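Labels run A, B, C, D and E following the written order; every chain starts at residue 1.
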Amino acid sequence: MTAIAAELTPRARTWSSFRRNPLGMASAVVLLLMLLVAIFAPLIAPFPEGYGADTSQPPSAAHWFGTDDIGQDVFAQVVWGTRVSMAVGVSASVLAIVIGLLIGVSAAYFRRLDTPLGVLVDLSLSLPVLPLMILVAALAGPSVRTLAVVIALFSWPEVARVVRSQALAIVPMPFVSAAKVVGGSSLWIVRKHLLPGVVPVVGVSVVLTTSRAVLSEAGLSFLGLGDPNSWSWGTILHKAQQSGALASAWWTTLFPSLAILLLVLSTTLLSVAYNDARNHRSDT
Amino acid sequence: PSVPGQSGSPSSAEQGAPASADRLTIGTTADVVNYNPLVGNSRTDSWVTSLMYPHLMQMDEAGKRTPYLATEWSYAEDGKSATVKLRDDMKWSDGKPVSADDVVFAVTAVQKEKFGVVAGLITALDEAEAVSPTEVRFKLSRPDGTFLDNVGFWLPIVPKHVFEKAPSVQKFANDKDWVSAGAYKLTKVERGQRYIMDRVDDFGPGQPTVKQVVFRVFPDVNTEVLALRNGEIDMIGNVLPPATAAELKNDAQIKLQEIPSLGWAHLQYNTKRKPLDDVRVRQALAHAVDYEAIRNIALKGFAKSSNSSVLTPTLPDYADPSSKEYAFDPEQSKKLLAEAGQTNLKLGMIYDQADPNIARWAPMVRDAAKKAGITIELQGLERNTYLDKTTKRDFDIYAGSWAVMDNPPANLGLAFKSGGFINYAQVADPKLDDLIDKAQRALTVEEARTPIQEAARIIHDQVYDNVLYVETFNIAYSAKWTGFKPMPSELLSILNPLSLASAKPAG
Amino acid sequence: MALSPDAAPKPLEQRGEPVLRATNLHKTYRGGLLSRGGAVRAVAGVDLDLHPGETLGIVGESGCGKSTLARMLVGLERPDQGEVTFRGRPFFTRGGVPRDIRRRVQMVFQDPLTSLNPRMTVHDIVAEPLRVHRLAPNSRAMRDRVAELLTLVGLSPDRMSRFPYEFSGGQRQRIGIARALATEPDVIVCDEPVSALDMSVQAQVVNLFAELQRTLGVALVFIAHDLAVVRHVSHRVGVMYLGRVAELGAAADVYSAPAHPYTMALLSAAPVPKPALRGRSRIMLAGDPPSPVAPPPGCRFHTRCWKATDRCAEVEPVLEDVSGHYAACHYPERPS
Amino acid sequence: MRFIGLRLARGLLTLWFAVTVTFFLVRLLPGDPVLAVADPNMTEELRQKLLADFGLDKPLAAQYVDYLGQLLHGNLGMSFRQSVPVTTVLMERLPWTLILTISAMAVTIVLGIPLGVLAATRAKGWLDRVIQLTGVTAQSLFVPSVGIFLMYVLGVWLGWFPIGGAVDLDATGIGATVSMVHHLVLPCLSLVLIQLGGYVLTMRTTLIDALGEDYVSLAKAKGVRPGKVVWKHALRNALLPTTTIAGLQLGTLVGGAVLTETIYAYPGIGRAIYEAVGQLDFPVLQGAFVLLAAAVVVANLITDVAYGILDPRVRTS
Amino acid sequence: MSEPPALEIRGLHVTFTAQGREIPAVRGVDLTIERGQTLALLGESGSGKSVTAKAVMGLLDQPNAHVRFETARLGGRDLLTMNAEQLRALRGSEMTLVFQDALSALNPVLSIGDQIGELYRVHRGLSRKEARARSIEMLDLVGIPAAAKRIDDYPHQFSGGMRQRILVAMAVALEPDLIIADEPTTALDVTVQAQILELIDRLRRELGTAVLLITHDLGVAAEVSDRIAVMYAGRIVERGEVGELYDRPAHPYTEALLAAIPDLDSPASELRAIPGAPPSPAEVPPGCSFAPRCARASEVCGTTRPPLTVLPGSDRSVACHHAEEMLDGALT
């Protein structure tokens, strides 16, 4: 039927309503820019090391974001911090998502696993995350990899919960029964029907987990559990905190904080916008 | 001082309603962990308990022992015993006099249960006895010229009649109903918030001016600084980070007191690991550190050179003026490495990430070494891991600092004699051992000086220790106060009992 | 009227070997560990035979267990009790449903949209059974077969790379039928295949089923709540009430001479699109169907039955031959 | 009955899980707990004695069983470092944590609901976008930065609020309460800021969904005033998911305020945990986690009760 | 003499905007219902029946819906001149709505008594107690057993049929001029459906209310309505007295629908299906919307839209270029 055939595909509809959301678009652009900064950090600023003569200088033409108490350029730190912060954020969230996806889908599909896995997820969700992260970070020693793993370790339950609820909505769908009637094995159904079905929510999860991971990284680094060998925004703040300059040398605090804010804000807005765009009900 | 209603208008505080002698509020970053003075070893522990429990001796600005509970002390001719005379006008807060029995009890408890800082310092002690209520005699197994200084300064005297009731002195929490004899008594504790100490009116050595001393807990130094600027606290007990000190220098409301350190910051090379067992490699490393830059940039100039000697200028009795600092000379360094047949030297360096100063200069050490072709990989560790690795001697390079090294013969013994407790570099040098032994047996400074300087020279030449600097600590307090009596080290600073007892509002 | 209450159920019909036979099926849904509420007795003792090439219609009100029955018939649900056999072979073995039986029994679902994965193209949907059973040697053969199937159900093969939402309801249902036909099944169980369709489209699909059965000889179980539709397509009809079969027999007999009071009520309550028949006398049942969580004892229909006696409340009637077809009633209506 | 039993079983399970996870995590911490207590200058013999004193010389499994046994008797053990019962250590902190979290939660809910309603009823309008943006921004803030900023501006510059601490020393009676509130404002504000966004967003989406439901249309069709349609008909339904979030948050917030407590020098549990990690004070650490798990269990129970009040479907079956 | 009709609507247009596109869901609908009469609005899914109902009730207040009437009168009162508050006062008292799905239409968190009583409180200003007493009466009226006991129960505690009765109770509580019932029985079993239709019909007779019954079931429409309006793609294509319309459909769509129903009495082998599918409301063809599926379609049908015209000599209206032929054909 020509009339019906001309309807937009869900993806196109999502995209078209997403495009009309200025906040969502702006967020996407900001994220893209940050990603570029992270990738091309070496082209933007030299790796901040050594020390400079101009210590604790406020922002100026020479040092856009000022210098810290040993004279390093804060701009360079923030640029290179983008790299580590985003890397920690993304790798933690990817890890969390792999675990969460596995557990969420298994819980939803294999009924016998649902109760134990559901309980496991619920229990994990009720653990005090930050204190435990502190514990585990102390346990594993500070490094970027540790941070990513620790954060992932405590972020997957959230993902699993979302994935499970989405998958639970798919499992009773007649098309899953249809695949079973047709003879599809469990693995087939999980692969062909469940996983593609939960991908959209996982997309949102990636974004949200990333932003949470960035905040967690900042928190742990701030508490002195970060990687001393690389610059992340949390590390910059930690050094500012250690030097007692949070309030006085405001530029060492402000710019990394802004970077965190910007990243977290744009990821959150992006996921909100994406969800809004996907939820066609809200605009019909 | 925080008075209700007043915190709402700090301007009144700023415009300097003069401080009253009613209360002195001191910021600290941590809680008291243990009120038992024989056990507690954190800074806040020491500050609070040192106001409560007398020691036999105090220390002056040059590290020399001065009387406190003890009035005089001396060794016997053969060095096998020592006598201490006590003042008779100090009382425990429950009215009982502070007597020789208490001193004997404290030292014996430590000796028997072997705990705390003091245990390692009194290995020469055979037995302590109260000769009279005001005189104690220590019998020693060998002559030890460091014994009295150590026991006198480090051992807190606790009330025997209270502590002896506990099955184990070490396990005695002492967390309430305190019986103390210091200038102030602890009257109220609000954990996580504050410790309130009231003046003892009939304190033997002289009544303090300030009625009440309050320690307030601020886990974050930034907040603490804000509170000082806001007039909510009168003093920051802990040492200011150099950058903050530089910043606060320009603040008219705040005064900074410079305090010399009794310890030093240093790098130690694990002499049991190849290729660090080769003195040329260690020397190469010593030439690959930019000492000036560390002192000027990382410490903002709040540090003195010790001329690469373990005898620091803080203790002029021992310091050796002929010692020369290793020059920052990457070429020399390369040459030495070439001689030792080392190329592409790669070493790890552990340090405590929570130590703001070291966290600052560790990268500078790495970057300077790079110029000499040495790769140093930083291992900034969480504190407990760092301690663990240190005690296990599991490192190439150790970066750290010693807080109080007030008695070179005793301290160098611990730090450089074979098997010494804090001999992190695992030095095993018979000549050095002999020299230190000799210095320890000496009963006077004059006698000890020559062998100890000789030992220090060996440590310098062999780079058993690479001393970077002696920090100048900055303690900040409100300009509304005056009369503090500074003492060396961050532990005593202007927070020592005598200093607080003599503090008073300015003007 | 003198039926002994404990008369054994007789075989329903002897017309050669049935392709699909259900004996004494029971299914009870129990709430999960953490959920509340009692067990739902969705199907409680159903016997059915399906003969090759015939259409067996099932009618009944919502919640009476039609879908549950259908799911058990195709092996989606394992009965708690009783057995389903395909040409005499049990459906459920220890290793699950044997693959060849799986192939032979297919299903068409009620909602044509949700039974098609929205993320798959029509080609992928129809090809899924071919892939699973490896019925096509290569992707070319697969395409050809899919095209063939689509043509069979009256869809143009050149739209096979479209997505389901690009089709109308009737067309979607055709896609579902094409998928069911892909493995050349002997039996297709259709669970309300036309209920979700627009009235103007419903007839197209009903016609398609009739035609497929004529040409392919496939046996159909056709479930619906619309009496007229069931009458239209079925050779035999079963009427279900609260998890049990109330009446079963040739369509013509059941519709023209219902023996069970419930069948009568159902037929009488169904609205007739003939304004002229408005004044006719109708049987109005009182109250709502009881909850399957706590079905009434005895005859399950006795709470709403105008003929009910004490006996009905105590003794559960079994399916018995009543003038050529079967009814589970103590007081069946017999043609005078 | 069965339901209550299940809830209780679940609570116990949560407790056990938290205890077990933390027990083993804690024991895995690098470093020597004895070292943290005594001097490094101690003999091996003394070390062994201390280990035995702390019960650390037994195999891990035995320690675990011992711990569970003690826990059943309500005994959380003795702090290594402070030589006082863990309960004493924690009970000094708990009230402050509760004051901080509960007040933050209350303020968040009180602000979040009307803001969510406002945003939902003006969905896609400018006010909605402003509220959303503000909420999300606040939620993305980094606590220490905000803390320092607030203290600098509102504390040092304007002098409205004290810097750090929980209550003034000299305050008594009603003055103490006033002083407590006075000290509470900034840390509470920080927590509210970072939580509020979540509430507003959930409130908004669930309310938008609820507003599209048939029962809302029916209410309108009955001639119910628009305000009442929102507040009486839609809101109560939309509150259900929000309750779940609140419950989850209340439980985790108790331990999650480490950064806030650090920067505002607030004497709460989170800070105590952080300190205990540094001191390798196993009993205190574990005790704190038991306490937090208990908080979660209690929060879940509160959520259940709230759910029951809000949702008759739960109450009546 | 001539009492004003209970409802009179002319030129109702409803257009939605979604994804930047205009969807004309209702495109010029006229409806008149006399007092005490039941008009069945017939049409398949998406033809605009519910939108029409909601527009009349004034429930399309969302920003993306654009509603336009030429005339809208309720029992002689002009709805177009009223302000929002006046309209609100009419809703629930003078015109009421019965939804299709009673479970989703009843608020799950409010008791039944509260939900019925609300009507009395809002429109009659009764006290809580009085409202409750009246609510119990209403529950009794629609045949809920032990009404006084169940008044404080919640929707989920009632069966499907009872919930629907509760909706009906709310609709008749204030004796309105007009009840709009939007597929009130589609979610129900036939046996229960018959009860509910019977109930609505009884109340209509007793109260003299006009009923607009929306349905897609030709059977249901035939059973209870006096007049029928058939909608197709946002327009009314045929309108007339029930018997006449079923006997002699004047529009090919109506005719085809009637032909497609399987007949219980004559199970013919082949049903007469309508080819194709209804058009998407977003893209309606020019000319007659039914033309692409119509067997009689001629060239003019594809280009010119037939207006809804009254057939001479009857009160039937039909929008078809071939209406005359059809009727003629039916006669012969």
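Convention: a contact is a pair of C-beta atoms (placed from the backbone, for glycine too) under 8 Å apart; a residue touches a chain by one contact, two chains touch by 3 or more.
These are the chains along with the protein names UniProt gives them: A, D = ABC transporter permease; C, E = ABC transporter ATP-binding protein.
Remember, predicted model here, so these are calculated numbers, not experimental data.
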Via touching chains, chain C connects to chain E in a minimum step count of 1
The chains touching both chain A (ABC transporter permease) and chain E are C, D
Per the touch definition, the chains contacting both chain C and chain D (ABC transporter permease) are A, E
At the largest C-alpha centroid distance from chain C we find chain B
Rounded to the nearest Å, the gap between Cα centres of chain B and chain E is 90
Per the C-alpha means, the centres of chain A (ABC transporter permease) and chain B lie apart by a whole-Å value of 45
Here the gap between chain A (ABC transporter permease) and chain C, centre to centre from mean Cα coordinates and rounded to Å, is 49
Cα centroid separation, chain D (ABC transporter permease) vs chain E, in Å, comes to 53
Each of the following residues of chain D (ABC transporter permease) touches two or more other chains, namely 29-30, 124, 144, 148, 151-152, 156, 262
Multi-chain touching residues of chain E, meaning two or more other chains, are 277
Shared-interface residues of chain C (touching two or more other chains) are 33-34, 168, 171
The answer for chain B against chain A (ABC transporter permease) in the complex is residues 220-222, 225-226, 240-244, 246-247, 293, 297-298, 300, 353-354, 356, 359-360, 362-364, 367, 377-378, 380-382, 384-385
So, in the complex, the side of chain B touching chain D (ABC transporter permease) is made of residues 2-4, 7-11, 30-31, 33-34, 36, 39, 41, 114-117, 119-120, 171-173, 175, 190-194, 196, 214, 216-220, 222-224, 226-227, 229-230, 232, 354, 382-385, 387-388, 390-391, 414, 421-422
Chain D (ABC transporter permease) contacts chain E in the complex at 124, 213-215, 217-225, 232-233, 236-237, 310-313, 316
Per the touch rule, the chain D (ABC transporter permease) residues reaching chain B in their complex are 29-32, 35-43, 46, 53, 81-84, 88-89, 92-93, 96, 144, 147-148, 151-152, 155-156, 159-160, 162-171, 175, 178-179, 182, 261-268, 271-272, 275, 278-280
Touching chain A (ABC transporter permease) in the complex, chain C uses residues 32-34, 71, 74-76, 99, 102-103, 105-107, 109-111, 114-120, 128-129, 132-133, 162-163, 165-168, 171, 176, 179, 182-183
